[in-house]
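Two complexes follow with chain A in common, the first pairing it with chain B and the second with chain C.
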Partner chain A sequence: MGLTDLFNMSKPEGDKQKELIRQLAVLGVKNPSLCFQCAKCTSGCEAMKLLELQPHSVMASVKTGFLDEMMNSDVIWACVGCFKCKERCPQEMSPVDVMFILKNWYVMSGGSLPGDYQNLLQGILSTGYIQEPVEVLDKDNKGWSREKLGLPKRGHPKNINGFMSALSQLAAEKL
Partner chain B sequence: MGKTAVFLCHCGDNIAATVDIEKLKKEFSKDKNLVVKNHMFLCSEAGQQMILDTLDKNKDVDRLVIASCSPKHHWNIFKDCVKQKLNAYMFEMANIREHCSWVHSDREEATKKAYSIIKGAINKVQHHEPIGTVDVPVKRDVLVIGAGIAGMHASLELADKGFHVYLVEKEASIGGNMTKLGRTFPTDDCSMCTVSPIMNEVKAHPNIELLTLSEVVGLSGRVGDYNVTVETKPRYVDLDRCTACGLCTEKCPVSIPNNYNLGLDKTKAIHIPFDGSVPNAAFIEEEACLKINKGVCGICEKVCPADAVDFNQKKERRELKVGAIVVATGYQQTDLSNTEYYYEHPDVITGLELERMIVPSGPTGGKVVCPSDGREPKTITFIQCAGSRDKRHKEYCSNICCMYSIKNAKIMRAKFPDATINMCYIDIRAPGRRNEEYYALAREKNINMIMGRPSQIMDTPDGRLFFDVFDKATNKFMRVESDLIVLATALEPSEGTKRMAEVLHLQYGMDKFLSPLHVKIAPVDTTTEGIYIIGTAEGPKSIQDSITDAGAAASRVATILKDDVATVDLTTAVIDPDKCTRCGLCREACRYGAITESYEVVDMACKGCGKCVSVCPEDAIEIRHLTKAQLRAQVDGILEGDPDSVIAYTTETCGYNAADIAGTSRMEYPPMVKVVKLPCVGRLSVEDILYPFEKGAKGVMIFACPKGLCHYVDGTEAAEEKYMKAREILEEKGVDVNRLRFVEILTPDGQKFQRSCREMAEYLKGVQ
Partner chain C sequence: MIRKLGFYPGCVMSAEQYAYEMSIREVLPDLGVELVDLENTSCCGAPLRSVNLLMQMYLSARNIAVCEEKGLDMFVPCALGHLSLVETKNRLNNSKELREKIVKKLKENEGLEYRGDLEIYHTVDLLHDVIGVERIKEKVSNPVKWKIACHYGCHTIRYTEAGRPDAAEHPSKMEEIIKAIGGETWNYSEKLNCCGAPLMVTHKEAALTKTGEKLKAVKDRGFDALAIVCPYGGRLLDGKQEKAGSTIGEKLDVPVFYLTQLVGLAVGRNPDRLGLNLNLSPVDRLI
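== the complex of A and B ==
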């Protein structure tokens, strides 16, 4: 490819792109080159409102091959993983999975987690939850708890130390 | 028996790049019984001349094999060529393009496969016999199904040419969707003013017989001689007496949603379809009428001054005899409820609903209002591609939405000079005469073009509609509030179109629109000779394109019906009276009543599917175009060329087409799979299924049309039964039953063909 990003002189990375496509295929997600840039993902992105994450431009960079640029940028860490972009993408793409893969690569290449993620990780290790179950609002602004929906109550891990060490061990193996 | 000529086509480098033609020529030339020639383009005039010259020079050649593209592509060209010197059936085509060079990349493997396919064809053609023809009297009447703009135009064209036309319409009035539109692009003229004169012309034409409230429910026969069953619902109003005074509607006590206005207002159980409807007469909605359902009321009958209401009318069936059929059953809007495109709010409407509000005679008297409270909208937003270009809903582009939304935005600007008008789009598609210029005019009208697709529409607690959208042009994320949101809803084939696919056994695509015989060079023909598809039944398209289709189909019909007789090939079954024991199994299997009590085949009734052959215990019946000897010789030839083959029996329609589509889409699959074409998989007897195993084939696959879509009623079921029996026999003999597979497949599903072949090969690799 004869493309160069003149702002930081980075060049497309074909091999990394192939690896990304392979990893996406494992998740059942198609090649990002099918993205036709309708920006529906960004229009519905929760992180766009607060943190100016533009999933469609992440997809554009990835499909052009500027992977390192994306991997080392802050934007991918803005994704909260709500999966709305994947649910609603008319071309069955998955910006959220692309960002998860890039985040993993970043950590595997020795990068350290941004501060907020450290807090999140600590939270998971100590409570077993990414987020404690809370009430959600429906479109009439009515709140629904698990109880009101008739769902069973969820407890915390009984053996919190065992849970923490198991999780840490798993993370160590993966890396 | 004479010699066989083998012609190898390079097809430019379509074939020659992957298949070593010179090597094949050398190999086949070793056989002294073969005359082998090659050409860059066999289908060209020079190529055909070479075939004719070869036949002239080699008087001992009495049959030939043409190794080139799919017979679906050029069979007719080569048939006409061969016909000049020999009987038209003394040749066989070996498909080494779609089934070989286009799906394999390894030159050696592809050449080996091509050799095997051609060897199969050479062996098969040794058993070919001349097939005769018969002259059939042609019925010069034509059936047109659907009286929208396409159907009406086709009817008029045909009627003007002197053909008698039956025009069948499901609704109470002709006119179709076009009667519902306000204005039409790119001329901005009033839709009803355009279509109304055409409707009246149809009504007045002496050669057109109009059947409203009617549907086609059955079809038999063949080109030139179709037998069609039409069912007509009672109108409960005498068409000759009704003067359309409207008194009945005024007095009727039952109020119902007005379907013509898409439920935007109400009408009565007895009503005139719309102003200017044809026929211009009242009719009763059966489901809503008190008299019909409960036996009470009957006020309309009492008040009618013309004595036109008639509750004694009954559902009627009519048999029509026609020579050709034109299908113009149109589109409908996709139901988007329960998707994120739609939002349950009265002020979120579709393009067609807006059209109804634009029409001066519409439910709002031509005033565009917010349906929730009747207020004038200050902000109107158009959202494009609602459900279109979306793999989860309609993968295709609905073609007309860009243009009609631009047109409606222009109309809104004229009506509301101070309003804010937004349009959210992905791309604007405006090809075609005067369309881009039309878009340019609209751009001058101060319309906010937002380059981005909203994710979801919502409303505030006080009912104001809004959505968030990212505009790629300004790189800004914005919140758009609107009084009225107009969705450019995806088009889909109408219920009638989907039903016609079943009743008339027509092919359709993954999108459910009816498929043309060839998307480029035969756009209104279907795989059934004498049946044509036009307008939006074939795909989303504009009024002008629908009219172009209609003219094309009228011309095609005239070509077929211009003569009093049509010459038909005798590709039918034939019974050997010496072998026949009159057991009755073939008569039981035949769905066309083509075998008489005295065990003779009625050529005009026989469709040539070969199901009778598969059940005959005495081998007394054969179809002329695929005898047992031919089928076995082809399998032998393939296995001689490549002993490690998997024989893939396909139907002539769905199965073979799917394999061809895998070819045109370059979907690679293992070269061990070799296709053997049958008219219908119903032709396969248990012995035919097992034969390749006896000869050492690695596997057998059967690609059938899906159940319910068999072109010969129930061939798929018949084949599946034989397949189950064959499995049992394999099991008894200790053969792995997974080497035999039965796959139901649709024409457009090349991917499934590829997948099935790959799975088979993977499995065989695993067990070895």
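== the complex of A and C ==
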């Protein structure tokens, strides 16, 4: 769907839009309705050239009420999270935060996690980290662990049950 | 001057980017910074922003609380981790609702007390602002006389509102450090470009293409080496040059160093203790 279509087809403001504005406010981010479509975000977007992400189009969709469509779209998962759009927006908007919230909603609605996200999440829930220390190989294929290098053991959540319980409670809560 | 800081390495450095951690531990005490290891740490939550922002902020807040328990300010050499912690600290200061929710969960589930009034440093501001370029310069015994490009990494410099170690559009602190240790450096058009690392989770090819383009730019601009301050970036820029090169049809062989390794070499620390044997890019060509 092109931009012209979106401008002609805007949906009336619904509960989801109000909820998005509320959640952005919790994060200290302004209402996306102030976006005036200058596309400065898209001109600097790190995922534009390779993955065709256009943050200003995401903002247009959100403004015109196409939240379900955006939330379930693959395109928001192309965001690198480099924060250039947030840094450069003349209206102090934050497409990157809008996309984080939409992705959160997709996950909360039961959407399956793309790519390696399931592994990252599983790692954090079971050990506290996205990955366990490994033995790395140097250029001569010799293996080096933290221990062999004389590095101390890394810290880990002491009360792992309390840690896991806090995270699972939060998984079901609204921002 | 001895400054004591809680050392929070985060996931990637403590799991595989050992060269960064080794060089930090080797170099900083010599420059007046004593590092205190923290025992109760976890992931900072940054990789979970897309999945659940509340979890992300909980994880960041708990690591802050773990450091506050020791009554110390914090050193977070990972760019993603630094942004996540600093941003969470700001957000909990600005939203009473959010603060109450997270603080209560920390207390009830893990018995942690969150205050959020500590300073959080990254490698760039620690070296440049706290230790100071002059102090580093005084210690130099073995200047690194190479042409070195600087790569800050997205999260080291953005976004300004969160309070970052250097300026978003024209960062210069790494360059000042490189000059202080004897190197030559200049700005290049691709300096602020992303290395692609966060895309490894969902779009591996695109991530490697970005890594390749970044390294090719460094090579084409006539630099001898690249200096970095981000373990997530190091994993690709140093560790995946062959794959990155093959995605863009180039042979890439750019020596990539952590900034702390370069400072270590310049101030005469033992190269074996700087983890230089662990860099997978051809650093031995220069040393």
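The criterion applied here is as follows: the second predicted complex is superposed on the first by the 102 of 175 C-alpha atoms of A that agree within 3 Å, B and C clash if a C-alpha of one lies under 4 Å from a C-alpha of the other, contacts with A are read in each partner's own complex, and residues count from 1 in each chain.
Assume a contact is a pair of C-beta atoms (placed from the backbone, for glycine too) under 8 Å apart; a residue touches a chain by one contact, two chains touch by 3 or more.
Quantities reported herein were computed from a predicted structural model and do not represent experimental measurements.
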| item | value |
| --- | --- |
| Touched partner set for A:His56, first chain B, second chain C, both or neither | first |
| Partner chain in contact with A:Lys40 - chain B first, chain C second, else both or neither | first |
| Touching partner for A:Lys84 - first (chain B), second (chain C), both, neither | both |
| Partner chain in contact with A:Ala171 - chain B first, chain C second, else both or neither | second |
| Chain B versus chain C as contact partner of A:Gly162, first or second or both or neither | second |
| Which of chain B and chain C A:Gly111 touches, first, second, both or neither | neither |
| Chain C versus chain B, contacts on chain A by residue | C |
| Chain B versus chain C as contact partner of A:Ile101, first or second or both or neither | second |
| Which superposed partner A:Gly143 touches (first chain B, second chain C, both, neither) | neither |
| Partner chain in contact with A:Arg154 - chain B first, chain C second, else both or neither | second |
| Common ground on chain A, meaning residues reached by chain C in one complex and by chain B in the other | 84, 139 |
| Residues of chain A defined as touching chain C within the complex | 26-28, 46-47, 50-51, 77-84, 86-87, 100-101, 103-104, 107-108, 113-117, 120-121, 123-124, 128-134, 136, 138-139, 144, 146, 149, 151-152, 154-159, 162-163, 165-167, 169-171, 173, 175 |
| Chain C residues within the chain A interface of the complex | 9, 11-12, 14-16, 18, 21-22, 25, 37-43, 47-55, 58-59, 62, 66, 83, 90-91, 94-95, 97-98, 101, 105-106, 108-111, 154-155, 158-161, 168-169, 193-194, 196, 198-203, 206, 209-210, 275, 277-278, 280, 284 |
| Of chain A, residues touching chain B in the complex | 36-45, 48-49, 52, 54, 56, 84, 88, 90-92, 139, 141 |
| For the chain B and chain A complex, residues of the former touching the latter | 340, 385, 389-393, 426, 451-456, 458, 461, 467-472, 477 |
